[in-house]
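The same chain A turns up in both complexes below, where it pairs with chain B and then with chain C.
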Partner chain A sequence: MRLGSIVMIVLLLVLIGAGTVQTKSLHISANTPETALQSFFAQVKAKHWDDAFAMVQPGSGVEKESFIKDLGGNNESLKTISALQDVKTKILRESGNESDLRADLQWSTAVGALHESRDFKLVNDEGQWKIVWTPPAKNDGPPKPLPTTYLRWDVVQRGSSRDEWGVQNVEPPRMRIISMNAIEYQGGVTILGEVVNEDTVPGFVTINAILLDKDGNSIAEESSFDKISHTLLPKEISPFRVDFANRKLADVKSVRISPTNILVPAAADPVVGVFNQRIEKDPNGKSILRGELVTQGGQTVNIPHVLATFYDQSGKVIWVSDGYVDKALLPQQAVPFAVDLRDDLAGQVQNYRITVNYYNSNRS
Partner chain B sequence: MKILGLFLAIILTFASAAFAQDLQVPQNAVAGEGASISTSGSGSATFYLTGPGTSLKRDFKRGETISLSADDLAYAGRYTAALDGGGAQSFFVTAAKPAKLNFMARPSRVPVAHPDVISGVVFVLDRNDNLITTPTTVNFQLGIAGSAPTTRPLQSKNGIAWIKAGSGNREGAAQFTASVGDISAKRVVQQVASDPCNLRMKAQADGKNIQLQTEPIKDCSGNAVPDGTIVTFSESAGGRGRSTVDARVKHGVARATLPSVPGATLTVASGVVLGNEIRWSGGQ
Partner chain C sequence: MPLAAIALLALAVHGPLLLMQLPAVSTGGSAQIFLAQHYSQSWFNPWNEKWFAGFSQTSYPPLTQQWVALISRVMSLTAAYMVVQLFAVILLALGAFRFARLWVDERSASFAAIGSIFLGSLSMLVYQSGQLPATAATALALHGVSYLYGWSRSAKVLSLIKGFLLLIAAATADHVTALFGIILFAIPAVVLAITDRNDSESSERTSSAAVLIRAAVMVGLVAISATIVLAPFWSSFLSPQQQIPLPDGSRDNLLLNFSSAVRYWLIPMGAIVLALPYLFISGLAERRLRPLFFAFYVAMVLGLGGTTPVARVVLGRFYESFSMDRFTFWATLLALPLLGELATRLIERYSVKATIALAVAAVLTFSIPLAYVTAHPPSTNPFRTEPIANFLNRDNHDRFRYLTLGFGSQFAELATRANASTVDGDPSVARVLPEVAGFGAAHFDMARNYGSAGMESLRAVLKHASQYGLKFIFVRDRYYEPLLAFAGWRQIESYENGNVTLWSKEDVPPLKKIEPVNPISWFERMTWGLVPMLCSILAITLMIFFPERRRVMAEPIPFPSAETQAHRMQEAR
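For the complex of A and B:
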């Protein structure tokens, strides 16, 4: 019994000590605005939302729930399945008890790294640097549920056991590649183009490309992976991009492109509008194509994927770029997006087209 | 020595011919029909028959007639009848009258008013699935309910008849039929609307937005483009950005809502087909 009391007292002392050290480390890290922001994102990285929120300056409109949703995502968006990988902070302005900082965040996701750049204001509150949290802009009211009455295609396959010879299932949709361009980029070869579903039924398409040398031998084979909108509804056009690393265009005599297409069930909903599209420079001077996504139907889009096709003066596809949006699209609510544009091509771009692909958690 | 060899060869040839004459094989055997082989001589013997999918052995008495059943001669082709102790004769069994058509029609779905997009191939077979290689007239018929079908008779070559046909002007399930006499095989080729034709839209102010709606979208033959077809509405306002909506056709028309930007140019397209253009004045 006495031994138990001694153990309990020792354990208590250890815990108190650990708590002191933890508090001390937070205090130490909050000595400068930059270390305060680093410390804040260390808590975000560990998803210690209480500790992170404790570093936020209390104020009107600052609610813990919206704070967590802003940083951790909601509605099964890409943010909810992401992890903060790296944070780089930079002081933009420093004056007495106030500082403006920029944080370049890198999130790791299932679809690759996501980059985010956010500006923060920090204030010194009785020796502690606190983050002035700007709540995300609220949309006009809560999401409006709308009925979804769009067409849906289902595929009914014939039984194969007692089919008469020559009888077949429905054929895959007719897809046609309407443009193609091969370029050299960053020590590799990239095949760009567009494919259209010419049929009256939806299809799932993948573009496979084979590089052939002067003797007709295959040099390399790649597919479009996620640089394409795979499910195409009737008359829908998607860009595609196939990247071959460590290849030279001079070694390539020809390219064999083969679209693989199959008939798939699909729904005509959701309809996503892409508004206010414009090419501009980001704070780092990089060319960015920005805009806003708005679903015009009643369905939530969990993970939007934006594909941008850039054309030159002659209408030739000169680049295809894509980007995932880390926020879910709620009905009728605008969500901003940004897609990279190669700076060396910014001057050549005469036109562009944006298509929106999406991944839904309840998609069947 | 050479003379002796020649003499023996002549003897063997005559002997073989003599044995062969023991069998009288049928001259006009038809697959799936019975036939008989008459024999001569006396004493017991064993009869062998080999042919496509057939191999049989039967003991009999020379001088009797060997009956072959319909199953023994089910398949067309070259058969060989032989007796033990030497002697063999071959005969041909031809396919019976047409009883079945294997009909392959491709594709199962075609846009309307396209030449040579439908192909049909027919294999003419008898009731035992023997290919009938003698020229046979096959009637191909393609038609859609409510309109007169087009018929083309074609001769089969080596058992196969084929046709290339264009799709009609009306959408719907076209009946593609191949027939020989009273035997027929039917396939369905779905004729679907082709690309939109004369795509036109109108715009209407709706507060801060523009409501865009197409006229009923039809192909050049007047068939309604199916629901779910993508129609892209675009609004371009020069340096003030642009907006696009990939709308879906619903009940024959496509609708979209875009922000109202005075001076913007509104365009509409579906696939590679462009529609009309509207210069938006702000709804005034």
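For the complex of A and C:
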């Protein structure tokens, strides 16, 4: 029965070999530009920075530290809490020893899925395709922290008991919805608008919307979720957007909007400035609102969130879109951002306004 | 070696560890305790409101949870879990003896039973994974399959009854054992019954067809009964709803991932790795042992997970639903009769040296997994859940639902302590909320581990916080804080020196109770509540009070025959 034993062992080895070949096929070699880029991102996905950097064409200005910061993030930015989920590559141009490729990257982040499109140039270096890494644009000098003299509001609790948390014995700040628009989009209903804090103290606001049918019955209920800047300083305006999937505007008789607001402590710092705003087309031909963010105070902003309100000729809100910026804002250093704009509305947009919301890891 | 001694050895080895309640912090132990708590409060009503905003416990076979619930009448739930686990380990050792006895002589079977107590795969399942249902179901299946052999070969009605009850009990303890484990043990036993059909002292000849028919009758009865008893379970288990695959090391290619190879193969196999050449040679050498070897081979290949394509092909859509480590567990159990025989041969040949070597190998095989569990605890930096449960249990906070993020195995511990309900739950007993149906079942507590799909499903449920009365979110992993902050939650409290923070939303109304989805009939409630327990109690009672006569295998008489009277020495004159 030795033969039988040998057969069983050989069969086991064949099965293991088949399994390993199957797995290895995912770790593709770098003998074509496309497979080289796929292989590069497989290393990035596994956070094998040394192996990924080894696939980069050595050259001036390419430093491993900045390479890792570019792909892995730093300063507790959104990139630092992201993982590469999926990569799709496309050849744009191929000529001899050079190729231009586009990579559509899908990142799984702490705030949901993020998409990124990046173009890469690859060169053939002795049979192996290498990536020509473009170092991120360097800001001039180190961050410049500034002393801040912005206002800050604190809430002084009445009494010493902390058991009654969440129950405030003060009037909530006055908030008012200054515009509202209901539209149908992608098989659903979307409620757009703006809310203003009319009080002299900061407030924390959430917008809930209920769709009502012709009999006054509730059809669906949704909230603004992250399509709003929740903390509003006195006189500050925030756009909001509430999405109802799989609803028809024709079935809706009215919309009940209920803003919930409470008094919260807040500070005017950091103030984030928005510069060089412009609407343009991205390489895929989609309309994009681009610009740069600069924090004016001395604080670092870890995760900026950009809300864009688009107005038509009559000043009506026709769309609200948002986007997270995967780089942290260091004091006085400009960071680019881009927010989608619906192509069908691009022609109608007469004006737009950017609101910057943010999360700081040391805030809580 | 008498069975009592084997049971005592199992008690001596596992008793102290279970008395220390090591499985309480295992990956799945606390979830089992949580499910048992519901049976202890409401035996015949499977609708449990504390997970998934309400779900039916018929989504998981009930036997072991019901035993824990029953014993918890006289002690705490955790202690009851340990008692049932200890009983399962003892039953497993006795089952290993009974199963091995089909294949090898009594001495080798005794060594096999001793080996089962020290299995690395058993240690990992009990102390790392908290797989009480799998260990208990396997123990019951080992006994049941032995009776299947007895019934198929000799048509003993008592064997039919005992085997039937034991296999029903096994199926109602763990569905994976019911679907795959019983088959792996039953097929070689039936083939052996065909081989052995005419070996008995009886002059009556039995045909292979008769043996097969008897086996089919018993297996058919078990399949029909298990289908009826577990009817509510199968409907949810076989529904097209999928789980989002969670990365699991047991499905890695073990050749390419050393840490997975250590965790899921080398440690569970232990010293058996050294005996693999013997298993291949000896398992195929004797015709009678070949079915056992082939079953071991199949289980071992399946246990290799993604190292070979076999598991993915054979298990199909179930491949990503459960961990492959239980196949390695079954492979080690199937190897035990051959290993028992090896131990007998070694001890006969090398006596004390072999005994010492085998004892050291057994102890190392058992203790290395325990060292691994200590070095890689399922819950890193465990924390006290009492303050959080106290918060939820006071001032009507249970009028709202809660969610935990990053609690790991302590998620179920909190659910057991708290009266409040959560929208989350263990995905192995998944009820998918309508909001996340497009993504598949996921455990929100570890949403980040599922990648984009997990985070999107978490976003989807947070968007409907008001509909679910989801007001409180306890965060132990700061990864989730940006999402909560942007979505309108505010941090209001911290626990355990800031290790856990509580986030709240102001505008959330109190929860509305969700009516049971697909409520089960009165008959189903009765069968679900009574049959698993009755089958297990009856089977064990019959095993104790109507034991099988021990099979004495014909042994060769040495030639020339030994003299019965000793030589008398005469005094020299």
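Some notes on this structure:
The working rule: the second predicted complex is superposed on the first by the 326 of 364 C-alpha atoms of A that agree within 3 Å, B and C clash if a C-alpha of one lies under 4 Å from a C-alpha of the other, contacts with A are read in each partner's own complex, and residues count from 1 in each chain.
Simple rule for what comes next: a residue touches a chain if its C-beta (ideal position, glycine included) is under 8 Å from a C-beta of that chain, and two chains touch if they have at least 3 such contacts.
Here the structure is a predicted model, which means the values were calculated and not measured.
With both structures placed on the common chain, the touch criterion links A:313 to neither chain B nor chain C.
Legend: residue contacts after superposition of the two complexes on their common chain; A:218 is shown touching neither chain B nor chain C.
Of the two partners chain B and chain C, more residues of chain A are touched by C. When the two structures are aligned on the shared chain, A:106 is found in touch with chain C, with no touch to chain B.
When both complexes are overlaid on chain A, the residue A:153 reaches chain B alone and has no touch with chain C.
In the superposition on chain A, A:206 makes contact with chain C only, not with chain B. Counting contacts by the rule stated earlier, residues 165-166 of chain A appear in both its interface with chain B and its interface with chain C.
In the complex of the two chains, the chain B residues touching chain A come out as 102-109, 111, 185, 187, 192-193, 195-196, 225-231, 240-248, 250, 256-259, 270-273.
Remark: chain C residues 253, 255-256, 280-281, 284-285, 297, 301, 304, 306-310, 395, 448, 451-452, 454-456, 459, 462-467, 478-483, 485-488, 490-493, 501, 504-507 touch chain A in the complex.
For chain A in complex with chain B, the touching residues are 150-151, 153, 165-171, 178, 196-202, 233-237, 268-269, 271-278, 291, 296, 353-356. Across the interface of their complex, chain C is touched by residues 1-2, 4-5, 8-9, 12, 15-16, 18-20, 22-24, 78, 81, 83, 85-86, 106, 108-113, 163, 165-166, 204, 206, 208, 221-226, 228, 230, 258, 260, 262, 264, 303, 305, 357, 359, 361, 363-364 of chain A.
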